[in-house]
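Order of writing sets the labels: A, B, C, D, E and F. Residues in every chain begin at 1.
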Amino acid sequence: MSEMRDLKATTMPLLDSVVERLCHPSSLDAVWHRPAQGAAMPSLKDLTEIMERLRAAIFPGYFGSARVWRESMRYHLSANLDTIYRMLCEQIVRGFCFGCAGDSNPCTSCESDGEKAAGAFMDRLPEIRRLLAGDAKAAYEGDPAATSPGETIFCYPSMQAMLHHRIAHELYELNVPVIPRIISEMSHSATGIDLHPGATIGEEFFIDHGTGVVIGETCVIGRNCRLYQGVTLGALSFPKNADGTLTKGIPRHPILCDGVTVYAGATILGRVTIGKGAVIGGNVWITQDVPEGARILQERPRA
Amino acid sequence: MSEMRDLKATTMPLLDSVVERLCHPSSLDAVWHRPAQGAAMPSLKDLTEIMERLRAAIFPGYFGSARVWRESMRYHLSANLDTIYRMLCEQIVRGFCFGCAGDSNPCTSCESDGEKAAGAFMDRLPEIRRLLAGDAKAAYEGDPAATSPGETIFCYPSMQAMLHHRIAHELYELNVPVIPRIISEMSHSATGIDLHPGATIGEEFFIDHGTGVVIGETCVIGRNCRLYQGVTLGALSFPKNADGTLTKGIPRHPILCDGVTVYAGATILGRVTIGKGAVIGGNVWITQDVPEGARILQERPRA
Amino acid sequence: MSEMRDLKATTMPLLDSVVERLCHPSSLDAVWHRPAQGAAMPSLKDLTEIMERLRAAIFPGYFGSARVWRESMRYHLSANLDTIYRMLCEQIVRGFCFGCAGDSNPCTSCESDGEKAAGAFMDRLPEIRRLLAGDAKAAYEGDPAATSPGETIFCYPSMQAMLHHRIAHELYELNVPVIPRIISEMSHSATGIDLHPGATIGEEFFIDHGTGVVIGETCVIGRNCRLYQGVTLGALSFPKNADGTLTKGIPRHPILCDGVTVYAGATILGRVTIGKGAVIGGNVWITQDVPEGARILQERPRA
Amino acid sequence: MSEMRDLKATTMPLLDSVVERLCHPSSLDAVWHRPAQGAAMPSLKDLTEIMERLRAAIFPGYFGSARVWRESMRYHLSANLDTIYRMLCEQIVRGFCFGCAGDSNPCTSCESDGEKAAGAFMDRLPEIRRLLAGDAKAAYEGDPAATSPGETIFCYPSMQAMLHHRIAHELYELNVPVIPRIISEMSHSATGIDLHPGATIGEEFFIDHGTGVVIGETCVIGRNCRLYQGVTLGALSFPKNADGTLTKGIPRHPILCDGVTVYAGATILGRVTIGKGAVIGGNVWITQDVPEGARILQERPRA
Amino acid sequence: MSEMRDLKATTMPLLDSVVERLCHPSSLDAVWHRPAQGAAMPSLKDLTEIMERLRAAIFPGYFGSARVWRESMRYHLSANLDTIYRMLCEQIVRGFCFGCAGDSNPCTSCESDGEKAAGAFMDRLPEIRRLLAGDAKAAYEGDPAATSPGETIFCYPSMQAMLHHRIAHELYELNVPVIPRIISEMSHSATGIDLHPGATIGEEFFIDHGTGVVIGETCVIGRNCRLYQGVTLGALSFPKNADGTLTKGIPRHPILCDGVTVYAGATILGRVTIGKGAVIGGNVWITQDVPEGARILQERPRA
Amino acid sequence: MSEMRDLKATTMPLLDSVVERLCHPSSLDAVWHRPAQGAAMPSLKDLTEIMERLRAAIFPGYFGSARVWRESMRYHLSANLDTIYRMLCEQIVRGFCFGCAGDSNPCTSCESDGEKAAGAFMDRLPEIRRLLAGDAKAAYEGDPAATSPGETIFCYPSMQAMLHHRIAHELYELNVPVIPRIISEMSHSATGIDLHPGATIGEEFFIDHGTGVVIGETCVIGRNCRLYQGVTLGALSFPKNADGTLTKGIPRHPILCDGVTVYAGATILGRVTIGKGAVIGGNVWITQDVPEGARILQERPRA
């Protein structure tokens, strides 16, 4: 039990007044969101559990039970996937309801959209694992301090970020509202790597150290790229609509071709293309295309 | 139960010796802190629970139970606020005791100061919600990737940082020791945004991405400002006292007027004023005042 | 109980197929790691508990129970250390098995190596506390916003990072595989400070704010140094072996002599030496030695 | 984590075969029950939580939080009752589905029946408390070892049995299937008192010690009665239907008028009436009516 | 999370009305008990934890951690006893406050009485263990189905009952209100053995099977006695005071001298003395003294 | 956190002295049991979890998750049985070690005996379910208050007792030490029915109400028998060995042929045979054989 002070009778009117003001529509309406048809809101707690279960399904032995054997893996995997599917299906439906307009009979379509999306996502799990195995290989090969691919699975922020991203990106591609972003932010919080679920990332991707990396919604990254901490792949400016609001969804972030390396603190802004195998030096600021194989280093004032 | 190796009899003398050394005053005194009158220390665990409860009270439906209805909200809000008040009151009193000199009869005053502060804080909750609703609106309007204000409440690091800051700042204003800083660091850990509880921040504030942002104790930020990741609003130098120790508490951080935007990685140091509507470009380094409406961009060496 | 949708019979073949594919050697082998002799894998959950227990043993009153008294501290410390030793011993043995080649009779040697390392580590605990008490003093003296050393123990990211580092470094010195890195990443995740367990760090070390700091494996840092957020002490290039793979383990990160200060965002790369008492300004980029007492500031283009 | 042995590959075929046999309809059908419309089954775990919440609502301070004050009781009571209503409503609907025939559209009626019953039950809570307060008074007055009515609320099995009975009986009267019996058995398990939810029991009822008491479904007990351990108020014989099955539901248990005392181990069988104020001695066996005021003692062979 | 139905707006007035009625003094006063000086009520949850900790301290290895070694037992015992003392002290003080008259300044005396009682109780722990070791020996020797004394410690109801009784009786002797009775009822609930904490029980006592046994407050039982299930050692009648209330506290239950055996279902009532080594047969009813060495068997009508 | 009083320095010597006395061999040896080879003791906590998992495997939907569907049952059953096998195997090995003599190399044989027994037990699970389904049918048919077999599975003490018994009896037949008895006592505690794991019980067995029933180790009960509360099937006397100790293991309890009914409170003692279809009336005392079809009623003194 948490430790508490007793409440004095004189404090009651104060609390009553606070409740009154917090329940007043003038206060409540500004933060109140009611999903279509009174559906429940997505649950951070359940999404957290889903991510833990997915991690254990994708990397058995590393996460979840530390005592997993090949012999009975099928047993636990079956049970775990059944639970994942049913929990995720519930959250995806809530996601659709959260976003839907709420006219006529939205929930029927949210339900069927949600179930379809959950099924399609499950079907992609083996592919997600294949991609993540490639990312672990890239991490091991890219970091002289790494002693085995297994070590990178256990504790590299890059692997945690990519686990979340490859899952969130599938859901993003399936047009699931809100949920992909919630998943991305879980990993942003844990790793300091801010990977928008919309970004398209090729095989064998590695981010070293990672803190402060930002990769925007419409980025396209090829195979075998490597980033270091503090790299920004961002937008240069935000086009506005006639009414002054931001235009949402247009391509505005960089394209990195295969084999690009971007060193720490570099900033690449706008829909520019960084050519195959190019190397962008630390702290460099890029707003134009870079040709294949180029090595861009900042001429910097020396101390 | 956690898994353990058995202890060998031969290891006992070693453990005995370690205990002996850790209990010896020469070791213990360096880390030992006894609050005035033997009061208990603040509890991270209880403060974490308090923050979760506050979050559920301010944003019902998003956090805490995913199934909250307007009909019975008053019920749960009343019970939750009663618990919050009593838990927080206990922690605030501990905070005062942690900091007090411990002479004559400090705890009587700590108790009455603590209860007064807890009551005053509760009274501010509706205002804190109003400010946070404004921050959510700013986040939605400022990020082309955001699909609704609700999405920003659910998962934007900016909202998590501001929730903690607006709460911690109230407690800071009420001169509660230690507790505000503990609350700030909870959100620093989760978001990578280091917002000192002393900073004064106006309405509709938004930090995009956020990792690496540092906002110092004596900053003053106007309405409708926007920062990007990696921005530092820091001190230029620390004046020292005659005895060589740092002078604590004097204004040493920037003032941002209304409508200022600071792009990623910019550094603004010292008690300078950034004029209304000014725009500070990415990676720019500022140690002097900037006039109203200015657009400061670094002339940068191109690659 | 988590909330779940019911499973439709038509979804079963899909799940069956996913299980089939995830259990197929072509998928499983890429992520499967079996420690020598079928030992269990290290457990993140148990390592987390071990770190919490160590924190409570080193800083009694601050962490763990908020009600600890000198009188009975020996009781709880003894019991806690006994549990720590036995849990840690299990994890260290798993760490050795995780890394060992698995030929002839590895586990006998892993067990004896593990027990030896666990004992040696416990013996170092009083020294670890002594070093951390110095770090708390440095944090208090280095930050004008700090009101007591106790406050820094409670909530400064620098203290959390150093707690993990000084523990992980001891284990690294004892050649324990994987475990030190897992411990480091716990703190990297919580603080945004990426401190490789191999780095050697002197007494009274302080990192202010901390987000984005990277300190590489072969760094050597003297007494009384201070870093700010976003500082990188990294490698300049990675020598490759004849076969094209990275050469692991050679000294490739900076040496900081006693009393060096490095301001926010500075980057120091390669096996360079920063002389005693030198000050490196914000955002400066260093790849060469810096003499004792030097003050290096970037000549920067002003806005 | 629980401690486990590793699984040998040779054990797999055995487990596979056990699963096969347990999933085979020949095994599963005998224990499989599917509520109407695929509704979920009642949940023992949720019913246990409901009973704990009801106990805290009826006897504030004794159960649930030990720190309850009159000042904020309304807060917590409101929130608790809202939760109780919503949890109970779910369980009652499940109870109706568990029992319903499952033709045409049963669940619509189960839902509306369930919600009606849950509302009616809530409305009776103040009356249930009034009756239980009377039972506590009776316990205090009837036991020379009791030192206050509060002590009986805290720990007398009679009070635990009556708490469950008075709740279960209300639900029984509302024709809720299964749930009342589950609640009765919770208290039977804890107290050894087997009180069928159908029994009608008057005010100020007390059972001393209680273990082994059995009170049948159609018993009617007046005001101010007292029983001791091992008393049976049972049926004498079970009439059978033409098809040989037992006739369910007909009155077959005793009637005790006001003020009857039955001492330990006495057995009263069949639809007999024990007159007002009668006293039935220990171990006496009764199958016929007993007149008002009678004192029935067994002539017993003395040792 | 428990599963809940949504609340309909139409149900709100009903719940409001129930809250209103439950908070009304006419309802609340009948069940409301406020300890002297507003102290908190005893906590069943904490008392349950205390009993589990005591059980682990008295029978190490059997209860609590299954992995306890002689080598480090002192460590865990010290920490456990420190916690037991501090938790029990709190509960005993609450017990005194629960029972005290509440005039002038009761709590000062409750506090000092409570601390004195807690200390005196701790001092008796080794003696309590000695007595329980004797009870385990008696159980092993008295039951042909027992295979070792250890088995009786693990799972015999007699041992569970005596563990609770020997602890509760010490507290009873120290005049602690309410708490002993709560502890007794924990074991009554688990074993069906109703042992009043006031009863004085000699060494090497064994109750076989146990369900339904009742032993009254003023019983005195010698060494080496044995009872079977369903035995009652009760009062014959309750003398009343002039005002018609029961006289509390006078000797009214049997005395069993050393070596008495009472078979299943026997009833012994009133302040009678059963002489040394006497044997009371099953179902026998005794209300008079029985001489030393007698064998009392019921002449029973045979079938 | 539990609530605690602070510890006074003056209490320390007392606690030290209690620890000293509890650790002294003169106190510890009387309750200390060290299994062969220093194996861990059986764990009540793990056995409790095993029983809950077995219950959910045998009666899916009733216990464990309330949302189980035929479609994915195989998934969860497989995973659950794998866990059950591995946990149970560990406990059975501990059981063998608990009981073994500890000479030469006992643990090798305990391990292999334990694994063999665990496997043999799993193989019997479908048969255990078949028997329990018969018991549920008997309960439904035997109790006029039962409304469906499902209701008896949910909450009849008879079903809980038989679940534990049929499991414990299998382990008893496999010569597993201690564990069967621990399992039996779990159900004895919950139901008041004391069913020794050695007793052999035929199909379709039902105990109504159950409190106080005792069924001894060597009982043999045929098909379709029914008992009521308070029935004892016990031993008449315990033969002693030449050295005065009890002879363990010889047949000493009654045999009930098929279709026997025994009413409440009846006592049947010794190795007597109750013939097929016999009916034993309430409270009757039997120590001799009863012929087939007999109806034994006590001639009782009427009041």
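Following the convention adopted for this analysis, a residue touches a chain if its C-beta (ideal position, glycine included) is under 8 Å from a C-beta of that chain, and two chains touch if they have at least 3 such contacts.
By chain, with names taken from UniProt: A, B, C, D, E, F = serine O-acetyltransferase.
Model, not experiment: these values are computed from the prediction.
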(request) Quick one: point me to the chain whose Cα centre is farthest from that of chain B. (result) F
(message) Please tell me whether A-F or D-F has the greater number of C-beta pairs in contact.
(response) D-F
(request) Average the CA atoms of each chain to get its centre, and name the chain whose centre is farthest from that of chain C. (result) D
(message) I'd like the Å distance between the centres of chain B and chain C, where a centre is the mean of that chain's Cα atoms.
(response) 24
(message) Just the number, please: Cα centre separation of chain A and chain D in whole Å.
(response) 51
(message) Can you list every residue of chain E that touches 2 or more other chains, as numbers and ranges?
(response) 1-4, 6-8, 11, 15, 38, 40, 43, 45, 67, 69, 72, 74-75, 78, 81-82, 192, 211-212, 230, 265, 283, 300
(request) Provide the residue numbers of chain E that touch chain B in the complex, in ascending order. (result) 1, 4, 6-9, 11-12, 15, 65, 67, 69, 71-72, 75
(message) Which residues of chain B touch chain D once you look at their complex with the stated criterion?
(response) 1-3, 72, 74-76, 78-82
(request) Give every residue of chain B touching chain C within the complex, in rising order. (result) 2-8, 11, 14-15, 17-19, 21-23, 27-28, 30-34, 38, 40-44, 94, 98-99, 177-178, 181-182, 184-185, 188-189, 192, 194, 196, 198, 211-212, 214, 216-217, 230, 232, 234-235, 238, 245-249, 252, 265, 267, 269, 280-281, 283-286, 290, 296-300
(request) Over in the complex, which chain A residues touch chain C? Could you list them? (result) 40, 43, 45-46, 49, 57-63, 66-67, 69-70, 73-74, 77-78, 81-83, 85-87, 89-90, 93, 115, 118-119, 122-123, 125-126, 129-130, 132-133, 136, 141-145, 147-148, 150-151, 153-157, 190-192, 209-212, 229-230, 264-265, 282-283, 298, 300-301, 303
